[in-house]
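Each of the two complexes below includes chain A, the first together with chain B, the second together with chain C.
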Partner chain A sequence: MQWLTVFNKELLESWRNFKWIWVPLVFILLAITDPLTTYYLPQILEATGGLPEGATFEMPEPPPTEVFMMSVSQLNLIGVLIIALISMGTISGERKSGVAELILVKPIAYHSYVTAKWAAYTLLIWVSTFIALLASWYYVNLLFGEVSAGSFLRTVFFYGLWMTFILTISIFMNTFSKTAGLVLFFTIALVIALNLLSSVFAHVVEWSPALISSHLRNALISGELPSALWGSAGTAVLFSIILLAAAAYTLKHKEIS
Partner chain B sequence: MFMMQNAIQLLQDNLAIIAPLIVIQIILMVAALISLIRTEETNGPKWVWALVIVIFNTLGPIAYFIFGRRLDA
Partner chain C sequence: MITVQNLSKVYQNNRAVDDISFTLSSGKCIALLGPNGAGKTTALRMMAGLISPTSGTVELLGEHSGDIRSHIGYLPQHPHFHSWMTGREFLIYAGKLAYLSKKEAASRADQLLTRVGIFEVRNRRISKYSGGMEQRLGIAQALIHKPELLMLDEPVSALDPIGRRDVLNLMEELKKETTILYSTHILNDAEESSDEILLMHEGKIVESGSLSSLKDRHQVDKITLQFEDSPESYRQKLDHLNVVTRTEIKKETVDVYVTDQALARETILNLALKEHWPLLQFEMGRITLEDLFMKVVQSYAVADRIQ
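Let's look at the complex of A and B:
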């Protein structure tokens, strides 16, 4: 059960350096900022006096699902950056400092080292995403109107897959470079490129994982699951598995030191 | 002055809704400070990090958690 050992060590480490506290909290902040500012926008404008005397304009009340999607896109921007930042040193740092050598001289397979680390971070990200969207869901229901529990759970599930995919990219990049900064750069560059290409060629690559959030928006508005969403989710899972295998492979075939 | 009163009124009316936001920011700050006290070495002087954490809400603690600690420690 060396897999569990590495997994537990990783969880303990994330706990000791407070990741289990600050990552969920920051995700919650990101997710509830947009519903709150949208709700208070008229009052904020009034209180800060940004409007000329006598000017009135009616703020259209956005539909609840739209506000809920705002939280998701907020997570999409900064949440992605945070995932890349917290995972940028996880393997590369251990290789640099020699901890990886210490671990890997023991009878621990490269693939269990990689997947155990991946699983520990995945758990953290899923828990954070769930709590964050739960908080946002609560506020949207309170301030704007009902979003069904089914829509909420669906969003968590599919969005979690996209977050997991980003984490997997970062883990893969970790085995390529020992410099945490480079890992971060490659991860972000790849995610941005994916997003750009997917939105430009949205009709050609309907199943691109980067389109998960835009498919989700359609699903929330129409209330039914488009098949493209399942397709994107499937691609995300498939690519994650391939990337993990590739990560274990590169790690094995690169001199560790 | 009038604007100030308006803002305070707004806060008082909506305390139940805004309170969680403030609580989360405080927890973040305290967690960062505890972590700062416990670590032996940081990137750069400790007192600067303490100031950053206290002055810049939300962003300060995040910056500390990501950049303040040494990766190899």
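Let's look at the complex of A and C:
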């Protein structure tokens, strides 16, 4: 009941400050840029006159799954930044401005406050990711060839988990600092560190959440689901739960403002 | 109804609140007085559960169970709201957070909006509110769940004279329904609208009790007289009375310090009647809250210096 109150308020807030419009739009743009530019690259080069007279230009056409994965990589780069940006002030901002003083003297459980906010952003991210990858999938099928619906759904599912994991890191950081900029910095720093460590020690930490997208690539190409993908997804879920619990705990035991 | 025991808050060796204990009885309006930096806000915030005390407890007495926050309404000194919401939306949101149903929250919100006088602007975004409107909305949100204890941190200091008047009148009305604890450094307000006071200085409670008992305790035994002509000639006669310790002339009036006010009143009035003194004014000395405040705070300041 209280949980739903905060959840609905968050959705309304995201709607009123247009997050529900611009986040999906930016995600779609990110996702369809690569399939379109790859397909139209010859024409673009021709139009801009980048080739000398008489030269012919043969581009090997990449396989559809490869192009679809390009979209995912794009989201991975800038999508992460966007997630951190939209969520960096959700709790820290309320604490800094003093709204939290009014909200948290009401008899609301801290874990409801944290998880309701988390859920509202998770919904936004999943919807945005789904629409963006749907657009990308449509263009890939149209311009390059078939990627199966199963592969598409699988990508949305596993990739959504990775996005959710990033969001959870950001929510957790929110309870640590009142400064939104610091929340952003720590979130991005942690994600970059995770990415780096995971790719350097890829064989040791096979189940690292940061490896979800690289496992996904293998899964798309081979058409099978490697167990490491499930492992990575499992750790992402597990760490998300731990981080959420830790966020509620920190908020409760910290001075609210 | 609420008991505070040995409550302390220490910030890096600075004892913001230093071992305070008191009990508030229901149906009273209590003023928490003190100069700036005395620890009033810190004490209120600990009672509201916003910060955790270094030591000590805050307990609700009676049949109150569960979350202490359900029984408390709190208005911070500078309230901030979700400025993208309308006033009415915010109240409903606050009400639902305090376990009211959607319907209850809405009807309670409308009721309170009328009561604090911002019903006309209920559907305006809070970002467009004036400071006075925000303060009223702040009081409304603190009342949304009919708390048994209403805590207001400096509710009138930021308001213009009209807004101040309105809020004080509102508090006068609210007294009938709920216990009010509010902090202020404006002594007139405290004198006007509170039954009891708690006087804080440097984190400690240095005086407490009902206003009249405090005044009795710190009574200055003084009678002020004013005559139609110069007070000089009467002064000598007054000096000769047994109950009078000393006299002091201040422009038109003469302050007579006495040992026993009741006896002195009788003696002086008898004398005045017998000798046909042209009295203009006869006033028994009454200490004002301001005198008391200065007296207590200064005596502590002096004690600190001696140490």
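The definition used in the following text is that the second predicted complex is superposed on the first by the 256 of 257 C-alpha atoms of A that agree within 3 Å, B and C clash if a C-alpha of one lies under 4 Å from a C-alpha of the other, contacts with A are read in each partner's own complex, and residues count from 1 in each chain.
Here is the rule we go by: a contact is a pair of C-beta atoms (placed from the backbone, for glycine too) under 8 Å apart; a residue touches a chain by one contact, two chains touch by 3 or more.
As the structure is a computational prediction, the values presented were derived from the model and not from experiment.
Comparing chain B with chain C, more residues of chain A are touched by B. Once the two complexes are overlaid on the shared chain, A:142 sits against chain B while remaining clear of chain C. Of the two partner chains placed by superposition, only chain B is touched by A:47; chain C is not. By the touch criterion stated above, A:253 is placed in contact with chain C alone, chain B being left untouched. Using the contact criterion defined above for the overlaid structures, shared-chain residue A:17 touches chain B and also reaches chain C.
Once the two complexes are overlaid on the shared chain, A:9 sits against chain C while remaining clear of chain B. Once the two complexes are overlaid on the shared chain, A:61 sits clear of chain B and of chain C alike. Of the two partner chains placed around the shared chain by superposition, chain C is the only one that A:105 touches, whereas chain B remains out of contact.
Within the superposed three-chain model, A:28 lies in touch with chain B and out of touch with chain C [touch as defined at top].
By the touch criterion stated above, A:1 is placed in contact with chain C alone, chain B being left untouched. Across the superposed pair, chain B and chain C both touch chain A at residues 17, 97. Chain C makes touch with chain A in their complex at residues 48-52, 66-67, 69-70, 72, 74, 76, 78-82, 84, 93-94, 96-99, 138, 141, 145.
Touching chain A in their complex are the following residues of chain B: 3, 6-7, 10, 14, 17-18, 20-21, 24-25, 27-28, 31-32, 35, 58, 61-62, 65-66, 69, 71-72. Here chain A touches chain C in the complex through residues 1-2, 5-6, 9, 13, 16-17, 97-99, 101-108, 253, 255-257, going by the rule given at the top.
By the touch criterion given at the top, residues 17-19, 21-22, 25-26, 28-29, 32, 36, 40, 43, 46-49, 82, 85-86, 89, 93, 96-97, 135, 139, 142-143, 180 of chain A touch chain B in their complex.
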